[in-house]
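When the chains are written out, they are named A, B, C, D and E in that same order, and each has its own residue count from 1.
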Amino acid sequence: MVENRPFLTFLTHFVLILGVIVVVFPVYLAFIASTQGPSDFLSGVVPLLPGSHLMENYGQMLTGGMSRAGAPPLWILLGNSLLMAIIIAVGKITISIISAYAIVYFRFPFRLLAFWLIFITLMLPVEVRIVPTFKVVADLGMLNSYAGLTIPLIASATATFLFRQFFLTIPDELMEAARVDGSGPMKFFRDILLPLSRTNIAALFVVLFIYGWIQYLWPLLITNDSRYYTIVMAIKRLAAVADSDPQWNLVMAAMILAMLPPVLVVILMQRLFVKGLVETEK
Amino acid sequence: MQTKRTIFQNKLLPYLLLVPQLAVTTVFFLWPAGQAVKSSFEREDPFGFRTTFIWFDNYLQLFEDPEYLNSLGRTAIFAVSVTLLSMSLALLFAVAVNRLLRSGRVYTTLLLWPYAVAPVVAGVLWWFMFNPTIGILPYLLARLGISWNHRVDGADAMILIILAASWKQISYNFLFFVAGLQSVPQSLVEAAAIDGAGPFKRFWTIVFPLLSPTTFFLMIININYAMFETFGTIDGSTGGGPAGATNTLVYKVYADGFLGLNIGSSAAQSVILMLIVIALTAVQFRWVERRVQY
Amino acid sequence: ATEITWWHAMGAELGQKLEGIAKKFNESQTEYHVTPVFKGTYPETLTAAIAAFRAGQQPAIVQVFEVGTGTMMAAKGAVYPVYKLMTDNKEPWDPKGFLTPVTGYYSDTEGNILSMPFNSSTPIMYYNKDVFKKAGLDPEVAPKTWKEVEEFSKKIVSSGAAKCGFTSGWISWVQLENLSAIHDKPYGTLENGFGGLKTEFTFNGDLQARHWENLKKWADEGLFQYGGPVGGNDAPPKFYAQECAIYMNSSASRAGVMLNAKGFEVGFAPLPYYDDAIAEPKNSIIGGATLWVLNGQKDPNVYKGVAKFFTYLSKAEVQADWHQFSGYLPITNAAYELGQQQGYYAKNPGSDVAIKQITRGTPTANSKGIRFGNLTQVRDVIDSEFEALLAGKKTAKEALDNAVVRGNKILRDFEAANN
Amino acid sequence: MASIDVENVGKVYSGGVRAVTDIKLNIADGEFIVLVGPSGCGKSTLLRMVAGLETISEGEVKIGSKVVNNVEPADRDIAMVFQNYALYPHMTVYNNLAYGLKNRGTPKSEIDTRVAEAARMLEITQYLDRKPRALSGGQRQRVAMGRAIVRKPAAFLFDEPLSNLDAKLRVSMRGEIKRLQRRLGTTSIYVTHDQLEAMTLADRLVVLNGGRIEQIGAPLEVYHAPASTFVASFIGSPAMNLVKGELHGDRLAIGPSVIGLNGFAPASGPVTVGVRAEDMRVAREGQEALPFRLEYTEELGSQRLIHGAVGDQQVTVAVSPETELTPEMRIAVDARRLHFFAADTGRRLPGKVPAEAKFAPVEPVA
Amino acid sequence: MASIDVENVGKVYSGGVRAVTDIKLNIADGEFIVLVGPSGCGKSTLLRMVAGLETISEGEVKIGSKVVNNVEPADRDIAMVFQNYALYPHMTVYNNLAYGLKNRGTPKSEIDTRVAEAARMLEITQYLDRKPRALSGGQRQRVAMGRAIVRKPAAFLFDEPLSNLDAKLRVSMRGEIKRLQRRLGTTSIYVTHDQLEAMTLADRLVVLNGGRIEQIGAPLEVYHAPASTFVASFIGSPAMNLVKGELHGDRLAIGPSVIGLNGFAPASGPVTVGVRAEDMRVAREGQEALPFRLEYTEELGSQRLIHGAVGDQQVTVAVSPETELTPEMRIAVDARRLHFFAADTGRRLPGKVPAEAKFAPVEPVA
C-alpha cells in the first residue's frame, strides 16, 4: 500500500530492536558469565564483556561435569536429552498418526469416547498428576530407564490432534479415488496418507523434539541414577549449588549447552517448526 | 465430530490402530488420574504404611487453608499477568514485523528461538540476572533508586517469575500473532485505507477485532501455560517463596506431595487442577471445532 | 562387588570430600562398592528417599539431616536401626564412643542409636577480620552478645567497610532452634518432642519474639541481610564477596569459607546471645545429618556391606580427616583426641569453636535437642513466616504465633498419619 | 463396457437428510448420460451411489446385469473423474495412472503399455515424470481422465470434472471429453450444473431437481419441450422468460395486453407462459403484439439483449444488434414458439396443434 | 465527480516484475470505463495505482486535474469495490456503510441519512443490522456497492466485483451496477476478465494484454473492428476463428481452397484471417465456399455450433439448429465480415471498401 510515513517505519524498527534486545539479553548475559573465571563474580556485578575462560569452562562441563553438584560430564546428559527428545518425538508421531487415522477414516462404536480420552490428555500436563503417575511408573519398574523417561510422556495427544486436523484437510476425493483404484485401508495409509503427511511429520518432529528436550520435572523425579539424567533437569541442581557456592560460570556454561541444541533446531528448521506449531493448535 | 464423507468399512482395524495410543493414555493418564481421585479421599503417612479413608477432609482442609486460598489468588495474578504481558509484547512485535517485508524475517528469527528454552532454564536465567550479589538487574535498579529484594518482597518475587515466564512465552505468542495477522485479508486493510482510516485506526478498528480468534486461542493457551508449564520456571527461581508469594497451584501440588509428603492433600489439589484443565480444554475445544469448518 | 547406594546431600567441596571417602573405602576392600549419589539439599534428599521407598527403589543408605529424625523414627517399618544392623552383622559397635550430644539426639527411648552419626554440626559465627579492621574494630574480638553484634554492625556499615553487618544461613535452625536452646527456652512441649507425638510448639515466647523483632529492625536498618529460605543460599556469597562482615552458619560451612574467602582473613566465634536473658548461655544444639539404613534391599549382603562401611566411617582417622576438612564435629571421642594429638586445634585457631560451644555447660531439657515429625515442613512454615515478617506484613509476635498454629497443625497431621 | 440400471433408488443420509428420491434410469451400453441440476439437487449423491462410495438407502443399482448395492467400489469396475481431479499429489503422472493397475496386480509390462497408450491419447506423454503440482489445470484434468481410461472400466463416472477450469479451457476440454468417449464407447455418467455443458455433451440429459428427476430426454428435446417451468428456466441462456398469463379461449392475456394464439391454446384459465428471448421480435406496425417498456440493453456483439417489462413482468428479448430501439415498443411472439405450463404445478401443458393453423410470419433477422 | 487521467503510467513491482507499461488513458467525468484482459495482464495493478494502493513507478495519475501520485488512498476521494467485497466481517452492514463516513468525521445525523438512502437504493434496508456472514453472495455484493456509494466519491473503482457470484446472479447484478452508475453519474473504472461483462457494461472498453493497452473503444467498435488478433480472440463468444491464409490479389487462399473477396482484400501476402462463427453459413450448391470437415457438434438450443476443420485449421461455425449437416460440407463467408490481421504482428489491417462492391447475398437464418 502506498504509505509515506517514515516515522512509522522508524518506530517499527525501534520496537523490534528493543524486542530483540529484551529477548536476547538474558542469554547474552548467560554466555558472558559462562566465559568468566570462578572468582570473577566475587567482586560484584557480572561483567558485560566475554572473559577468557570459555574453552576451559565448557571443556570442564562437557568432559568432567560437576560432581560436587551431582552432575556427571554433560556430554552424557546431552546424549540422554537427545535420546529422550528423539524417542518422544518419534513415539508420539507414530502412535498419533495411526490413531488419528482411525479416528478420521473410520466410523466405529466408541469413536467419540476414544477421541475424548485422547483429547483430554492434550492439555493435562504431567505436573498436575505427578504424584500418582510417578507411582504407576515406579510400580511398573520403569524408574531409571529410558522407557520411564519417555513412554509416559507419549500419552499427550497434541500430535494426534494435529494429524486429525491435517487429515481433515485432505480432500475426501483422494481417498475415494484410491478406493476406486482398489486400495484397502492399509494400502491407502501407506501409499497415500503417509507420503502426504511428510511435511507435517517433519514439522511435528521439531515441535515434539523440543517438547521432549525441555522436560524438567519428569526426569527430575524418575531418575536417581546419574546415567539417566538429562541436561535440563541437571540445571536446577547446578544452580542450587551455585547459589551458595559461586560457580555461576560453570552453571551458565551448562545453561548455554542446554539451550543450544533445541535453539539450533528451531532456527535451522524455522519454516517447518512454524508450520508444526501453528497447525498443531489450529 | 467430523470424519470423511466416505469411510473404510473395517470393523476391527480402527481399534487396532488405536490400541497403542489408548494403552499409553490409560496406563499413564487415566489410571494415575483415578489414583489421584482415590488418594484425595485418604490420609497416608509419608512412607505409605498406613492409609485411612477420610471422605472429603482433604478438600475441606484445603478450602480452610489460607495458604491454599492464597495460592489460588497468586496463581490468578500470575496467570493473568503473564498472559497480558507476553501477549501484548508479542502482539506489538508481530504487528511491527508484519509491517516490514524482508527485514521482518530476520527479526522473526531472532524473536522466535526462546520457544526452545526450557521453562526451568528461563527461571534460572532470570534468577541469575536478579541475583542479589552478582545480578545485573538489582544493580541497575539500585542505581535508579529502586530497592529490589525478591528474597523478602513477595511482589518483587512475583515480578521476577512473571518476567521469566513471559519472556519464554513471547516467541510462541509472537508466532501465532504473525500467522493471525497474515490471515487478515489485505483487502480489508486496503478497504479501510480507502475508507479514510490511518494506520492506527486501521489496526484498532479492523485488524485487532479480526485477530480476536487468535487472541482468544492464545489467551487459553497462555493461561494454561502460566498455570501448569511454569513449574520449572518457579522451581528454578523462587521455589514458591518468599512466604508463599509465588507458590502457584501446580507448584504447591508438587511441594505438598513430593516435598511435604502430604499425599492426600496433594492428590486433592491435583483433582481440583484436573477439573480446571478439563474446563479449559473444553472451552478451547469448542473454539477449535468452531474454527475448523471446511 | 555388592553395590551399595548412598544418597547424600553434600554439595560442593563437602560432596567432593565425601566421594573421596567412599572411594577410599572401595579401594580398601573388594567385596563392596559404595556409590554416593548427590540428591540435592537435605529436604530434597529426604523426600526423594521417601518417594523412592514408596516406589520400592530406595537406596541402602540415606543421609538425613537432624530435622528428619522425628519422621524417620516414626517410620519403623522403613528403617533398619543401626545398632541392630551392626550387631546383626557382627561388626564392632560401641555407642559410648560417640559424643554425648550426638548419641542423645539420635537414640530412641530405650537409648538405642537408630542411625549412624556421620556429619554433625552446630552453628557458629564467622567474621571478616579485614572488614573489622577497616571499620576500626579489633579484628581479634568477635561480638559476644547480640547487642555487640548490633553495635559492630552499625560501625561496619556506617564506616563503609562493608554494605551489611551480618547475614545468616538456616534461619529456623540458627535463629530459632539454637536461639531457644542457648537461652534455655522450650521449643515445644513434652521435652521438645522427645516425650511423644502429642507435642506442641512453644517457640513463640517473648525471647524469640524479641529476637525476631530485632532481626526485622536490623534488616530495615541495613545491618542484617536475609540469605533466603531453607539453607539460605544467598548468605555465603554475601560473606565471600565481603558484602556482609559477619556470617552465622553451620560449623560445616568452614570448608566453603576456607575455599572461597579469598583475600581476607576469617575469624571464628560462638553464636551471640542476649546477656540480659541468660547469664551463662547453654550449649547449642546439633545439626548436620546421620546415615539411615533403609529396609527392603533384596540382597542381604548389602546390609553386611553397609555395616562394614559404617565401621570404616567411624574409624578415628576417617572421622578426624572428615571433621578437619569440613568443620563438622568430630563424632567420636577418639577422633577428637586424634585431632588434639595431631595439634590440629592449636594450628587452626577457631576450629574447635563448635565443639566447645556444643559441649558447654550441662544440657537442659531445652537444650538437649528437638524431635518433631514433619519438621521439614514446619521449617518451611517458619521460613515463610520469617519472610512475612521481613516484608513488614506481620509483627514478630504475629509471625511466630502463626508459625506455631501452622506448625501444630502439621504435627497433628503427622500424629494422625502415624496412628 | 456395460449398461447401468438405477432402479427406484433413494438416499437418506445418516443425519436424516433425504438427498435423492425414487430415481429410475436405464443407461444403455455406451451411452453418455448427463445429470444436470442446481447445486444440492442430489447429482453427486446419485453418482456416488453408482460408484459405491455411498451406501444405497433404497432401490437397486445394476452394472451389467449384476446388482452392485453391496459391492466395494474397487470391485465395480468403474472409474471416476473428480471435480478437483483428486490426483495423488506425491506421485508422478505415471504413477497416478499406474496406481489403479498396480493395485489390481496388472503385470508391469502391461501397465507400461496401457499408461503409454492413454498418455498418447491425451497428449500428456511428456509430463509422465512430473508431479501434478507442476501441471496446469487443463493438464491435470487430462491426467485425471487418463487415470480413468487406463483402467478400461465398464463405466466412467464424472463429477463436474470441468468446473475448476477457466471458461476457455472448459470449452475445449468439453470437446475432448466428448471425442474421447465417442472413441472408447464407454458408458458414462457425467454430472454438471452447467446447462451448456449438459446440452453439448449428453446423449441423454437427466434434469434433477430436489432429488427427483424432472425430465429425461435428448438435449434438444429438453430444450424445445421442457417438461416443467423448472427445466424451462434451467436449460437455455438467457433463461426462458416465464410470465403469468391467462388463457381465454384462443386468446392469451398478459397483464393488460391480449394476443391471439392461432389455435395453439392448450387449455384455458391461468397459465405460466414461457418464451425464449430469441423467439420474440420487435413488432411491425399493425402486427398483434405486446407493449414493451425498454429498461436497459446489453450488447453481446452478435446479439443485443433488451431488458424491459411487459405489464409489470420482466422480459428479456434477443434482437440483432442493428434493431432500432425506442423506449416504448411492441414485441411480437409466434404462438408456435410459446410454452405453456400449469400455473400451479409448473408442469408443461400438452401442446395442441390447431386443425387449420394460420402462422403469423416471423420477422427475419434484420 | 471528476475526470481521471492516466498519463504514461508504468509499474514495476519491487521484485522487478513489470506489470504495466506506458498506459495512457483519459477518462471523462461520468464515464464508465471497463478494463478487460486475461488473468495477469495488469488490470488490477492499474486500478490499484489509481486507488493509491500501489505506488506508481512511472508516469502520473490525475484525479480531477490534481496529480495524486503521492496522495494517500484516503485522500483521493475514490471508493473501491473489491472482488471479495472486503466487507468488515465484524461490523454490521450499517457500520460497514458508515465506517468511511465516520472516519471522515461526518456528523452522525448525516451518516444516518446517507446510509438509509444507499440502503434503500440497493434494497438492503432490512439487513442493516446483520453481519456480512449472514448475507447471501448477492446481498454482500450490494453492501460492497453501498459502501462505495454512501461516500459520494469522485470515482468508483471496481475490481472484478462479480466474479464470486454464480452465473445467474452475475447477470442480474451486472444490470444493477449499470443502472446505478447511470443514475449517480459517477466516473467509474471497472476491471473484469469476462468479455461479456465488459461488452455489456462499458461506455468504453480498454483491452489490456501483457501490461499494455491493445485497444480502447466503444464495445461494439471493439467487437466489430478488433485491433489485433488478441482482441479478436478475446472479445466475443465463441471466440473468433483465426486461420492462416494468403492473399493473392483479390483472392484468399486458405489451405488448398481459394475464395474471392469482392474487392475487400486489404493487402496481399500471408495474413491471419478472422471470422466469427455466426458470420459463416453452410454454402448453397454452386456458391463459392470453403470445404469443411465436420468433427462434432454442440447443441446450444437456439444455435448449433459445428466444429470441424478447413484444411488443417480448426473452425467453429454457428448455424441454426435446423441446418442439415453432412460430414463433408462447404462453408460460405461474406467477404465484408472478414477481418484481416498482419500475419506477423497480429495487428488489424485497415479495411478497404471496394469502389464497386458486389455483395454476395448472405443466407437468412433458416
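For the reader, a short list of remarks on this structure follows.
One rule holds in what follows: contacts are C-beta pairs under 8 Å (C-beta built on N, C-alpha and C of every residue); 3 or more make two chains touch, one makes a residue touch a chain.
No experiment lies behind these values; they were computed from the predicted model shown.
The minimal number of chain-to-chain contact steps leading from chain C to chain E is 2. Ranked by C-beta contact pairs, the top interface belongs to chains A-B.
Chain B and chain E have CA centres that are 56 Å apart.
Between the CA-based centres of chain A and chain C the separation comes to 40 Å, rounded to the whole angstrom. The set of chain A residues touching two or more other chains comprises 1, 3, 41, 44, 135, 176, 179, 221, 246.
In chain C, 51, 54, 228, 234, 237, 241 are the positions where the chain touches two or more neighbouring chains simultaneously.
Within chain E, the positions touching two or more other chains are listed as 52-53, 72-73. On chain E, the positions that touch chain B within their shared complex are 14, 51-53, 72-76, 78-80, 82-84, 86, 88-90, 99-100, 103-104, 147, 151. Chain B makes touch with chain A in their complex at residues 1-8, 10-11, 13-15, 17-18, 20-22, 24-36, 39, 89, 92-93, 96-97, 99-100, 103, 107-122, 124-129, 131, 133-136, 139, 167, 170-172, 175-176, 179, 189-190, 193, 199, 217, 221, 224, 228-229, 231-232, 235-236, 250, 253-254, 257-258, 263, 266-267, 270, 273-274, 277-278, 280-281, 284-285, 288, 291-292, 294. Chain E meets chain D in the complex at residues 39, 168, 171, 174-175, 178-179, 194, 196, 199-200, 219-220, 223-224, 235-239, 276, 278, 295-296, 298-302, 305, 307, 321, 364-365.
Residues of chain A touching chain B in their complex: 1, 3, 5, 8-9, 12-13, 15-16, 19-20, 22-24, 26-27, 29-30, 33, 41, 44-46, 48, 94-96, 98-99, 101-108, 111-112, 114-115, 117-125, 127-133, 135-137, 140, 151-152, 154-155, 157, 160, 165, 168-169, 172, 175-176, 179, 184-186, 188, 210, 213-217, 221, 232-233, 235-236, 239, 246, 248, 251-252, 255, 258-259, 262-263, 265-267, 270, 273-274, 277-278, 281-282.
Within the complex formed with chain C, the residues of chain A that make contact are 39, 41-44, 67-70, 134-135, 138-139, 143-144, 221, 224-226, 237, 240-241, 243-246.
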